[in-house]
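Read from first to last, the chains carry the letters A, B, C and D; within each, the first residue is number 1.
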């Protein structure tokens, strides 16, 4: 990895953007609640504080519990470095769709077993919920990426995302439906409303927060950080999908592209905040219905990919 | 009101109680004891607006249990066991209600210490119900909860995501209020009565004042009666708004819940204008109220008007949201038959077709009568609807009371001595339902026994039954829709 | 739904910007003592008899030194209206939290500047404080902690957040008199917190047990059970007082 | 590759697919209105392409009657009878959505096999949306338990037929177009009345329960 100016931009984005996104979501939610809300970089402050605290372990947890956050953080960092951002190619090249999906699955596996290892009843059943939800949402997520891969005739992420507009042969409908499918499954993966309410404090309804209920200090900081990176990763991919579909309708000058990706990411943050302010958390039994929408979108996307493949 | 005292033989007590409860106009108020040598059964006759006490003397430490025939008696029997060490013979499952793990061995706080040492031993059964079967697991929650909630321990036996059984253990807030109420001088009683549950401070203070006033033969000035009713309705408004906001927060509607808590700030301001305290504390005293709010009434009306308008908008968008309706519909159903059997009161009662409202029956005739509505679905949605309806009623009543506030004194001098050897009750419709304070005096006119029956006492069983067969993740919604008090129950 | 959106837009930001404002004139605050008034001494002792929690004591002697323990005062206002010499005044301040229990005991010779909050050990909480609430009381203080997070007071803007687990928490907020049934639970919650950690006693009951002091339930407040760092008096404390206490814990006031 | 009409019809079909994934009558009605709005737009594009002024009138008719009046009336009705969310008959609702996507794929192949009216410049994929709407509407009618859902399914089906006529033919005579529109309106009113009557007499609108009525 060579430190070029492009890579520098990449690293700065990677450091600041996740916290900015979380901050923006919280700030907009606060606006809808007629209040000031936490500072935009509150999650960064939390992180600094958590690294300054001691770690406390329950007596019956093993190395799995401690390694879970580390694995998920390093995995997430690796993914963020190997996914292309619209004008930039990744510093770590050669990331395949399936590698991407499997690293995500690995992260999930470790976070699930580490929260089972924690030994608290809440973290265990939250882990089981997480497993159920991601099991349901994964097809949508994979299928959406595969549809993009089919259209691009490649499974290399760098050949799908981050391509200059003129090289991009993926049709509008595939981009759009894949973007929607990724967004809907992203809501599930990121445990946001209406699947899971990140601001609730009810042990029996939480999913993500209950999973990390036993983590403390630096361990918790790593969990929070890798969550922020995951948010960035998903929003980045979704934003690229939407920017590409936009570029099919109106001609965007190449210089504006990176900017528009950032803008779309913030807009996605706004949308998430809106949903979190006004929608109702689904009853547990209705979650599959919601995920069905994500699956439908990715089905449509792959249909479009198949249909258009012959035509173009 | 002073209650009629009738002696009742132990053998005829149970049939008489069953007979009494046959009639829809009759209610069981509470069952307790004065000093551990008798049972006091307080009965309410809604038709003739009377309270009646059956006093059953019995020898020894045990009596025949009612629970199997009169299910609503079981909390009272459990409390009697904790506080007096009285053993109900034939109780199906006697577990502690007020004194839990922290109290072991022989300890009955309302009995004099001398009686403890007679070598009697009663073991507290602290086990939980064992729900068997493959795949059934237990989720213990509490006593310390993740949010800002009072402590209580819930043990949920689940099958997958379904709740099979809920066992509630309370008593973590047992502060010894009933004992303390008999220890302090009469002038300080009201502060401890308020501390029973401060979200119900006004209702508790009114009930306490009513009981003391009837024992002292005081007639409260009309203006004080109206101001008390005003305080009560403000409290109801405040807590219903709070509960709706909590419900919205549990459902995840951040904006609506924040709007409710913003508006609750205005309701608090109403309370402050009236009494100086956000929780209407130190305002109601035996004989009247503590201060005259005439100076602030204009400001009061100015706050009330926009509050009503904004509240309507927020409530409408909450209760007409299709997703909210869908989410609450059919969650936590409590059938009317159960509600009647367990003597549910208040919002939870009215959502399950128990139309009883103390304000209709026992309140002073000069006060405007509230509109009552009841539903029969008994689910979280109907409880929410009842709450919404009662917010409207409270606002109406506040406006009516303001418009027709009589003039005159706000208090009469507080009593020094009470009528000896009698029992008086104060009954108030607190925002959770029927709240009873019962005072019994000794032969010198001092308070011998002060019993408090919070509305939650009747309703906790309702919650335990209503959550059965619901999703585990819906438990907070059920719990919030009942909106019960822990401190009022634990005393 | 559109009406609501419109209302939200119209209201704008309702958060009170001025920190720790005085409460309005009609409100009942905690009492404080006027330093330049005389007292009739033990002969009168009206206030001592009235006080529901024995928070007032009068020292015998010519000077008639009156001591008021704010830590056990429930703010009923009886002494303010009942003292024939008007020695007590209704204190409308909201920045009442202290980190030293002795500063809560005030006398009629005491002046505000005499007992500043002593400097605290350095803690990494300046910009972020995660709070865990353990309620052991009558729920008024819990309501006020909830209110401190509402749009009007909005404690989140100072970086305070309520968290779901003691493991994530930096500060343990205790409300209520901590009766014996809760001793174990409170201790366990404290043990589950990672260092550095602080304990905040919210409300009169948590400080001294309030009206429940010295009963059979041993509800005498939290100070005998855990080391308390911050005391927030009031029954219940005003949301601003709670925010003041938390900001004191963060080292920002 | 894709012209305007094609894009609009496919969008309408996607809305119909999304509609089949929800049991909420109000969500259904909103999605129905969106779907019909896109059909109106497709009709408008067709009108521009063909230069037939009558089609403009039809567009206005569709917007007034099918986009505004009918959904409004039905959502008023839904409010009136406090219709609960449809539990679905035969198939669970999410599965219905997946089946309707398969039907969408099926209609693509069906459309490829259609004889084309070369003269008016229609392409095969234009018919995809129309056939998909038709099939989805049928599926919707089959899989809904409540009468209100079945009315919406019927309306979707009718949308499909109309779209097919607009894109694949030279267009029906103007009178017939308007007549169909009015027919739809009347049908919805009558259907609505029926729903109301069923609700009044049986206190629910679950039509599967009607089977039990014989003898």
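The rule is simple: a residue touches a chain if its C-beta (ideal position, glycine included) is under 8 Å from a C-beta of that chain, and two chains touch if they have at least 3 such contacts.
None of the values given here were measured: they were computed from a predicted structure.
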| item | value |
| --- | --- |
| Any chain that touches chain D and chain B | A |
| Identity of the chain that, by mean CA position, is farthest from chain B | D |
| Centre-most chain, if every chain is reduced to its averaged C-alpha atoms | B |
| Contact-richer chain pair [A-B vs B-C] | B-C |
| Chain C-chain D separation of Cα centroids, rounded to whole Å | 63 |
| Approximate Å spacing (C-alpha centroids) for the pair chain A, chain B | 47 |
| Computed distance of Cα centres, chain C from chain B, in Å | 27 |
| Between chain A and chain C, centroid-to-centroid distance (C-alpha), Å | 42 |
| Multi-chain contact sites of chain B, meaning residues that touch two or more partners | 146-148, 255-256, 258-259, 262, 321, 323 |
| Shared-contact residues (touching 2 or more other chains) in chain A | 32-35, 201, 203, 206, 278 |
| All touching chain pairs, where touch follows the definition stated at the start | A-B, A-C, A-D, B-C, B-D |
| Sites on chain B touched by chain A in the complex | 138-141, 145-148, 156, 161, 249-256, 258-259, 262, 321, 323-324, 327, 331, 471-476 |
| Chain A - residues contacting chain D, complex | 171-173, 288-289, 291-293, 295-296, 299-300, 303, 307-308, 311-312 |
| Contacting residues of chain C [partner chain B, same complex] | 1, 3-4, 7-8, 11, 14, 24, 26-28, 50, 52-53, 74-78, 133-140, 142-147, 150-152, 162-166, 176-177, 179-186, 188-189, 210-212, 215-217, 219, 235-236, 238 |
| Touch list for chain A against partner chain C, complex | 30-39, 42, 45-46, 48-49, 52-56, 201, 203, 206, 209-210, 213-217, 220, 278 |
| Interface residues, chain A side, partner chain B - complex | 29, 32-35, 121-122, 125, 193-194, 197, 199-206, 276-285 |
